[in-house]
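Structures given as structure tokens follow.
In the two complexes that follow, chain A is the common piece, with chain B as its partner first and chain C second.
Here is the complex of A and B:
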């Protein structure tokens, strides 16, 4: 009891110090990052990209609409408990939007943030049915979601097989968590529609040990393997696939399983591995000149500063850019510079990304064109397919934007979001 | 000066055998209770509830539970995470099956279900001991997590395999779900901590607790003096699992609100609770609280100091935190192998003589 009291007193004194921090008029963007643990390999580039874009806005434009941006970084270690702690610690500081880069934490935040009135943007992850804005007022997952991803992967396989997957076997290797289980429902529907046989191969957290899973794949000989992996699981899976000599071009990862760090450890054996792309890879964009000029050459880069131009870093840039653009929209709608989370939400709902807009930001053709509406929080739901070139050590895009099969996905979204609405007593909006 | 028994006369057996025989100790205990019940709820905010106090209270219950089994009865268990999962999933099934019943009874019910499961997994303890029993309970850990992942009935067939706590109330006040006020969640957990703490304290110094300790110290001798090992061991498993089940139920329903079994109740949690009782002190109720405070609050405190106070880089702070907590554990165990509770005991002995030690 004594210890409890002293630690409470100590922590209380600290909380006092923290609360005394000056509350200036600035735009606060929390970054629930993970630079430690088995998912750090993917968490670091994203966090660096996110932070560098915000730094660039401050250095080049003096913030968003001349309102300085403050980035609040909080380490979650991809752990939901720490994620909750980070959320509680940062929400009081005027956090405008949460992008936790973790499906588990997103599930955790959806009810909490909805109750607190703070938007959550789970870009290409999180709860898929959050695409239904009628039910999920505060949650956004544009530009595409997991079920789009599953459908895009299958469409790519249809293209490869000239439109016929009948009798083919597809194995899904997935992280045995809410994240990995997301695509199962869609893939089951698609297997009925296209006549392929689906087998499920779960990999438990953190995924360093996958010998038995790949033995199973070797025994079952699926024609294609689709993977929903993250963190160290990706690297191990690519290596194991190489070990059993599974043809790499028949192995497709979702957009979270397709960065440089995932394939480099396997060396040349990873050549030909495919992954979906949410935003374009590579560093051939005008924004990199600005980043070099304002962030890198001035030594303000986040982290070790060695991640730029990687897929994960681009993803972080993209997430930050979408947040910043939504903030601009919000400033325009409410004709104010300082924003509240509720105004930010309005901005996100009015966001429209066009080719011109992205070009104007130095990110021409970086991501898909999409428009967020009251009903549709999920964006256009398109993705590209990229293939790893081990000799050049780069991801090459091998398709244009592929549209997902909305006929299959939309009923599933409606069904799942209706279940959530019933569970949480939500009445539909936008009518 | 203050802390002494001189002049503190007992005139009845009941007074002589009370939990806190020294008057100062007793008043301190009442003061802590009074602050926890009557002051904290008025000053608590979301951060304090959700990041500090609620997890501390819940882990304390789990630590008391494991302490009953391991500290008092001497049966090492690595299945705590799995038993917490049983508590969480049974409270979820109860909450969704009987929405009109108060959540308070659901939590108790979840504890009872966990007690039954604990009893089942406690059966091998009659034949195997020590490390072998630890391995058997490890099997429980993995089996239970696998079960909750594999069988969709447990998570009501949700697409993601997650369970989400719906809104439930006690006396019309929400204690689960996103709209819960910080004080309500805190008080709800505190109620359980106080009730279970008193129960545990009195169990452990009554007949049952003495039987457990006899089994722990030497089971053959205990059997000779008339302790039935079957009943002693199984009652320890059942009661310990009840506590852990309640902790798991609160952990899911009040604290997190949404869990995924592999992450929230993995083997890490089993080790965490085991470390809590080893650092806090085996066979001590106070040690369970101290251990929970050490393992739960220390990382949060360090993080706030390093990131919030000193402005360090988050990754550096996270790594340093591992190092510091690890080093502290080693230091504590070398300097005081009997845990924080023993430190507290020594401090009390010294205080009795202070300022005139002989």
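Here is the complex of A and C:
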């Protein structure tokens, strides 16, 4: 009996101590990933990169500002409905920012996350006009958006044509979905400005059969083909382009059509294919030494641990790095380690990525310099052009950062965001 | 000859070739449905699994390496050898026969005399199991499939048509190979079902299960046999489609291309699968060529089903399907 009383007293004292101690808070970052289904080959590298960066922060730095990071991974299968279910299932866990990695899911989450007061970061995808922070308070798409991508591709083509595209034919081969249709309006405006003829060639999901589309391209003989593809559509398009002997150096994909998996199945035939780059490819960065030491060598790598240094993996790393840096900004602004989603949003809106900052993170020249403001949630809107070297099996950068044509894009962003503001009864902010 | 007519001829030829590719997938469905009345939802995933296994064997990949490494802390990924394509195809067939045996032993045997819808549901479960199993066994990255099949424009046809008509037709070498393989495959299947003991037993089971059982035909043997043949057809389809896009999980979606072919050609006819494939292939390609530009393109996916639906309205059993007679 005496022993029992002593035990109870000890347990009571311990419970008291635990109650008095400050709760160990966590910074929760959901990862809406797709490791299964037809788009898994694209989803896995991104999810691994995102997870490994967060693991690195925990293992090397004890988290962000010494606050541990908790990654909440939820499988969407690139399915919009499942993505929304993931959001609903995880938002109550203190989720700080959602990166849906799907334009369809992003469109669904914009009104929900806005109502719930949780930021969404659709890096290089999603609703383009979300770059207008005056209307989209909770949505960010820095460092570049789809319309920037369309403009960067055209600017590159201007560069290789001594600044003149007048009379040239450009075909847009696109995934027949909300994602694939995003650049059409911009390209139409750019065709008026630069005098090139634009033809539209849609490809239905999933894009396994594209014979009609490439026969059309063979008949119409465009000078250039720009591609807005995803998943198997990319691999088949590259193969079909090679089949009809379309010159690969005249075939350029958006950054979602420019990973190793998009070109490897076509083998040597893919040599010379170009794609835009949101962040640099390859593994020649100091951060990879840390990843090796703290994540890979310790067996804590996400997935099979075989994706690092790929384009998709680097993009996941980059997205996680931007999320972590925004969290640091938020901690600084609000003088607190534990963050709320609203504080995280403030951090995202105050984010400034400079070359010095990236170098300090072991990611020198990894991505572009940009500054987020209340008005501009879209970043600097720049991208590079990379070209596939089939013999070396690697992407090689063939341009520096190319700025998009803001004279064309900004009015489109203003127009689209104003329409959204009107239909959603949103009053512009940042005044 | 008017340019548009030449283009239409080229589209028609390519439609025929695409139709053959659809037929290769549809054949697997027909074989199993004919012998057992089961609509095998897993046929597309079987093509994926067969292609994954083929690439894995060719590249000397260690099966379940991710799982093995996670459990034992090892770093094994590859045996370090490369298996020639022909041998790898044979070994893959051994795996597919093993799969057929397992399906019969662990699934079908327990569902004898169940409603067709129950069997259909079982194949849905099988499809998802096989997809996950394939992922676990071989990984989910995209794999290049190279069994030496030629790809790209056939220059001979290009040159001949250019000299004759002033416009060179595009025909993909891979499609020509697929057509030849489909012809051989169908011939072999017809010969097998007409002139071998097992083939006749298979037809007997297809006609009447009870009667076949009463004359001593083993239902288990027939089901293993037919699932093995369907596995072989899946392997052929997986090789053809995988050569185009690489072997990846979206390969299982090629089944969607086979459904309108089955609706049109009938679920029980091998020639129906071929003719249905050709009609769907030509129909969807010509529709896209003629009507597509007027409606914004991307019509093929839905038009194939509309075409099949039209045939269904007038001939519910499909072009070559057995007429359904219910006696009351």
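By definition in this document, the second predicted complex is superposed on the first by the 407 of 431 C-alpha atoms of A that agree within 3 Å, B and C clash if a C-alpha of one lies under 4 Å from a C-alpha of the other, contacts with A are read in each partner's own complex, and residues count from 1 in each chain.
Everything that follows uses one rule, which is that contacts are C-beta pairs under 8 Å (C-beta built on N, C-alpha and C of every residue); 3 or more make two chains touch, one makes a residue touch a chain.
Quick caveat, the model's predicted, so the values are computed rather than measured.
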{"item": "Partner chain in contact with A:377 - chain B first, chain C second, else both or neither", "value": "neither"}
{"item": "Which superposed partner A:176 touches (first chain B, second chain C, both, neither)", "value": "both"}
{"item": "Contact breadth on chain A, by residue count: chain C or chain B", "value": "B"}
{"item": "Which superposed partner A:423 touches (first chain B, second chain C, both, neither)", "value": "first"}
{"item": "First (chain B), second (chain C), both or neither touched by A:155", "value": "neither"}
{"item": "First (chain B), second (chain C), both or neither touched by A:168", "value": "neither"}
{"item": "Chain B versus chain C as contact partner of A:231, first or second or both or neither", "value": "second"}
{"item": "Partner chain(s) touched by A:38 [first = chain B, second = chain C, both, neither]", "value": "second"}
{"item": "Touching partner for A:315 - first (chain B), second (chain C), both, neither", "value": "neither"}
{"item": "Contacts of A:211 with chain B and chain C, given as first, second, both or neither", "value": "second"}
{"item": "Footprint overlap on chain A, comparing chain B with chain C", "value": "35-36, 40, 44, 176, 202, 204-205"}
{"item": "Chain B partner contacts - residues on chain A that touch it in the complex", "value": "1-5, 7, 10-11, 14-15, 17-18, 33, 35-36, 40, 44, 73-75, 77, 79-81, 84-85, 88-89, 91-92, 103-104, 107-108, 111-112, 114-116, 127-128, 176-178, 181-182, 184-185, 202, 204-205, 303, 416, 423-425"}
{"item": "Chain C-touching residues of chain A, taken from the complex the two chains share", "value": "35-41, 44, 176, 200-206, 208-209, 211-213, 215-216, 218-219, 231-232, 235-236, 239, 242-245, 261, 264-265, 267, 269, 299, 304, 306"}
{"item": "Chain A-facing residues of chain B, complex", "value": "28-29, 32, 45-48, 50-52, 55-56, 149, 159-162, 164, 166-167, 177-179, 255-260, 262-264, 266, 286, 289-290, 293-294, 297-298, 300-301, 303-305, 307-309, 314-315, 317-319, 340, 344, 347"}
{"item": "Residues on chain C engaged by chain A in the complex (per definition of touch)", "value": "7, 10-11, 14, 17-18, 21, 66, 73, 131-132, 135, 139-146, 151-153, 170, 172, 241, 244-246, 248-254, 257, 284-285, 288-289, 292, 296-298, 300-301"}
